[in-house]
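Each of the two complexes below includes subunit A, the first together with subunit B, the second together with subunit C.
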Partner chain A sequence: MEASLGIDIGSISTKGVILDNDNNILASTYLWTEGNPIKAVKKVLKDLERQIDKDVKVTSVGTTGSARKLIGTMLGATSIKNEITAHAIGTLSKYPNIKTILEIGGQDSKIILLDNGIVTDYAMNTLCAAGTGSFLSSQAKRLGLNVEDFGKIALTSKNPTNIAARCTVFAESDLVHKIQMGYKRNDIIAGLCYSVASNYLNNVGKGKKIEGPIIFQGGVSKNIGVKKAFEDLLHEDIIVDENGHLMGAIGSAILARKTGIKKEFNFKVKDANFETSGIECKGCPNHCEIIVVKKDDKILDSWGNRCDKGALKVKEQ
Partner chain B sequence: MKIGLPKALLYYYYAPLWKAFFDELNVKYIESSDTTSKTLLLGKEKSIDEACLALKIYLGHIRELKDKCDYILVPRIFSLKKTEQVCTNFNCIYDLVRNTFKDIKILNYNIDVKRHYTEKNAFIKIGKELGFSIIESRNAYKKAKEIEKTYYLQEEKKAKVALKTNKTKILLLGHPYILKDNLIGKSIINYLEKNNISIIYSCQIPRDLIEFNCSKISTKIHFTMNKEEVAAFNYFKDKVDGTIILTAFPCGPDSLANEMIIRKRKKHPTLLLTFEDLTNNTAVITRLESFLDMLKGGIHL
Partner chain C sequence: MKQLVAFPQLGNYFNPIRKLITNTTHLKVIEMPKITKETIALGSKNSPDTVCVPFKYNIGNFIEALNKGATVLFQAGGGCRYRYYAEVQETILKDLGYNFTMYQIGEKDHVKFNDLYKIMLKLNPYLTRKKLIKEILNTLLYIYYLDKLDIYIRKRVGFEKNKNSFKKIKDDFIEKANKENSIIKLTRLYQKAKKELRKVKIDKPKEPLKVGIIGELYTSMEPFSNYELEKLLASFNIEIKRFTNLSYLLWQKKLMEWYMKLKIKKYCKYTLGADGLDNVYRVRWLKKHKYDGIIHIKPTGCTPEIGAMPIIMNIAKDLNMPIIFLSFDEQTGIEGLNTRIEAFYDLLKIKKEEENGSKSRN
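Take a look at the complex of A and B:
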């Protein structure tokens, strides 16, 4: 049976899926990148290989996420695509009518608007952490709780505390203040969930026309408190898919298959020795930092040079 | 004697006029080289933290230039129209440079139309400083103005050509010293050209259509230089497939003007890219790539 492999490799987590030609998930995995994308991908491959039958042949590979180029080079991917397109395609494969994708991850967040299956607008947060998962986890720590329990606790609140949500620093000091004032804990937690949602809408979602059907993805989507906050703020039902975290990987597997290029993939690459190194080109004062990827000591690819002089430099190496 | 022209900020508005003026008077000049990361580094060392990226780059150019010429041209512009203002950086740049670099000789002129310091008087003044009579300077200025006019007409024509192709067309909008800077806009331009995009620049809008087109979006904008961009958006938006706005951080005038554009864009695809000195190229390329995917609408399930 033919199948495609998709890998979504971000700074925090790495996701991988293997799809058959009807987009059924044959294998999937999710683990932390831990600052080492090559190692993470090797682990992902090992885990995926274990889950599939012998007769499954992976014939196309796609990558997305911030290390997509590195991993794409390493795996000989036929599709190396940005996160926006990959997420949109992945989500559409399951929800063809979706109009809005809200996504909040550990460190970043984005919104994608679609119309008739085409991306019409999107935004990514750039400067502010107040609308992301790391904000929630650090506040959970402050309250001595597990962030996983946040959602359940938030739902018990009838009266979410209003927490100044403009920015992380203000939110934090306001939170301390509200705790000292003696607000109920579940109300404060619900308030935090609201502040994440409203922060997201004011920041990433600013000026965007958010229409249903809406799907909520990314690590924070597992938090039912935030989901409910979005539902209240947007007056719409929100879909959360159990495979929401895999949409980027699913999308890249589909994009790879759609290229039509077939190239049998061998799981053995995980045993090869990959090395990346940075060399500085001194061809001009730009001093471009060129990334060189080597497989078993042979140069696979390099990038980062702003002009061709830099490419020569790599060859000389 | 040699005049140094730092290739940053006002250079991208006035280079044709400056060069023609000096050519006419037979005065030699040199330009600094294109911005590199080293230029930015040099500039950063001399700037306060709050300075915008463009200003940091400017100071870097001055450092690279200062030992290669006798004078550096650093104008002060306070107002170009009676009821308008320009970014405070242009108000203060002369004093800023003078106080940061004690060892350079500055060739300065001052334009403040509100207080009747006109461009013509300014050029007569620098002519005088270089030893030319009022008549010589005035004639040179007149010639230079003609050449400047031709330059802008050529730019208009380039836009017309760029609009005629059947490639995907993108309006690149921002201050010319951002769009054309080797370190900032150039990487965007290269990426777009590699992807077969036809680029139209906001500074290519015909000069005489700025007022009218700007008023279609807002009558309240009083930053002279931002008017050009807001106007260009109105003028080009229906002729292109999308708009990419480039802006330096932190920029007061842009934060107002760009917001205005984004609010009035309706369904026109628009991407705002903000650059600061730490901006990482991969993040920018991710956003560009998704923008092009979106414009081409080619990626369907």
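Take a look at the complex of A and C:
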């Protein structure tokens, strides 16, 4: 049986799926990137290989996420696509009528608007990590809680505390102030969830026409407190799919299959030795940082140079 | 001691401006290095943190020039905060201990001939008005030809068969034009370059994706400051239209302003400072000329463009025109830009295929 592999390597977590030709999930995995995308992908491959039958043949590979180029090179991917397109394609495969995708991940957040299955508009957060997962987890640490428990605690609150939603720095000092004032803990946590949602709508969703059906994805979508905050603010029902975190990986697997290029994928790649190194080109004062990827000491690919001088530098190495 | 002249880098315009200065004052102009990470590092270190990024690039350029021995600096100004650049930069550089004279051209939003003449007279007491007029005309023509070539190239560079074939012709034109002092010969060079450009082999589909770049002037014109956005777009086989160039800013803008205001009076009644109004008008223009999408670029904190953005969003929404907004600052990571442009390209491509599909179905 033919199948396609999709991997989504985010800053915080790495997701992998294997799909058959009817988009059924044969295997899936989800684990932390822990600052080492190569190692994380090797783990993902190991986990996926364990889940599938012997007769499944992976014939196309797609990557997405912030380390898509590195991992794409490593796996010889047929499709290396940005996460916006991948998420849209992945979500449409399951919800063809969806109109709005809200996505909040570890470091970035984005909104994708669709009409009749076509992306018509999108936006990503710029310059600022306000209202993303990392903000929530650092605040959880401050309160001495697991971020996973946030949602449940938030739902118990009847009167969420008002917390400044403009900017993480303001939100944080406001939060500290409210704790010291003696506000109830569950109210503060609910307030935090509201501040993430309204920050998102004020920044990423600014000027966008948000229409239902709406789906909420990304790591933060697992937090029911934030989901409820969105429902209250948008006055719409919000879908959270149990596989919401996998949509990017699913999309990239579909995109890889759609390229039509078939190339059998060998899981043995995970045993090869990959090494990356950064060289600083000294050809001019620009000092381009060139990334070189080596597989068992052979150069696979390099990128990052702005002129042809840099390419020569890599060959010399 | 002989004076050495320097002015900030801006795309290819170093060449015509240098020609004007050397021909009128007979002073040597420093061969400015291209902008690199080093330039922006120097600039950000010595600029106020919240100032818009062109200021930092300019400061970086000036410091590099002063280290090479520059004694006379030129800065322009007008439109927005740009008006104060010369004064603030002079103070910063003097505080750093450099010794130089700074001249500002066009501090009152437009350049007056007499003001320019007075400045040039300080550098060359024997300069006559007649000579200056001749050189100005020569320079304006040079700038005009450069811009014309660029407009031609932008339409086709995404489809060239042999990489850099357009760039070679343009570089060749610049090299020869630098040495040419007669208007007639300059025109001949231009015509020759244009003929060569026409001969370059391209592989252009019948209906390529067409994207317009609008926004703030410095980030539009200096490729380093927009991470070579045009090159990136060309690599996706996109035809590019960019409005802002020196010909536009120096004379076309003034002639067009009343017309632009008339055409978009539904959206704004007053000018917005710098190119704010122009950018609102351009959305309408691009829609009318069947462009597929718009990329709006600006430095972070650019006040006129921030004022124009909500209006641009409105007009783009009314006209159903896909648009993305990009802000540039001193950080040099390019991955974020790649992701956004790639996604925008996918959006435009699928939209276009869908529209063509429904057209052929009907």
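Throughout what follows, the second predicted complex is superposed on the first by the 317 of 317 C-alpha atoms of A that agree within 3 Å, B and C clash if a C-alpha of one lies under 4 Å from a C-alpha of the other, contacts with A are read in each partner's own complex, and residues count from 1 in each chain.
Simple rule for what comes next: a residue touches a chain if its C-beta (ideal position, glycine included) is under 8 Å from a C-beta of that chain, and two chains touch if they have at least 3 such contacts.
Note that the structure is a prediction, hence the values are computed from the model and not measured.
After superposition onto subunit A, the modelled positions of subunit B and subunit C overlap sterically. Shared-chain residue A:Val44: touches no atom of subunit B or subunit C. Of the two partner chains placed by superposition, subunit B and subunit C are both touched by A:Thr85.
By the touch criterion stated above, A:Arg306 is placed in contact with subunit B and with subunit C alike. Legend: residue contacts after superposition of the two complexes on their common chain; A:Ser66 is shown touching both subunit B and subunit C. Of the two partner chains, neither subunit B nor subunit C is touched by A:Ala197. When both complexes are overlaid on chain A, the residue A:Ile98 reaches neither subunit B nor subunit C. When the two complexes are overlaid on their common chain A, residue A:Ile254 makes contact with subunit B while staying clear of subunit C.
By the touch criterion stated above, A:Ile118 is placed in contact with subunit B and with subunit C alike. Mapped onto the common chain A, subunit C and subunit B collide along 113-121, the only clashing stretch among 113-121, 167-175 or 185-193. Counting contacts by the rule stated earlier, residues 66, 81-85, 118-122, 124, 126, 207, 284-287, 306 of subunit A appear in both its interface with subunit B and its interface with subunit C. Contacts from subunit C toward subunit A in the complex involve residues 33-34, 36-39, 228, 300, 310, 313, 322, 324, 327, 329, 335-336, 338-340, 342-343, 346-347, 350-351, 354.
Taken together, the subunit A residues at the contact with subunit C in this complex read 66, 81-85, 116, 118-124, 126-127, 207, 284-287, 306. Remark: subunit A residues 66, 81-85, 88-89, 92-93, 96, 117-122, 124, 126, 207, 254-255, 284-287, 306 touch subunit B in the complex. Contact residues of subunit B toward subunit A in the complex are 36-39, 187, 262-263, 267, 269, 274, 282-283, 286-287, 289-290, 293-294, 297, 299-301.
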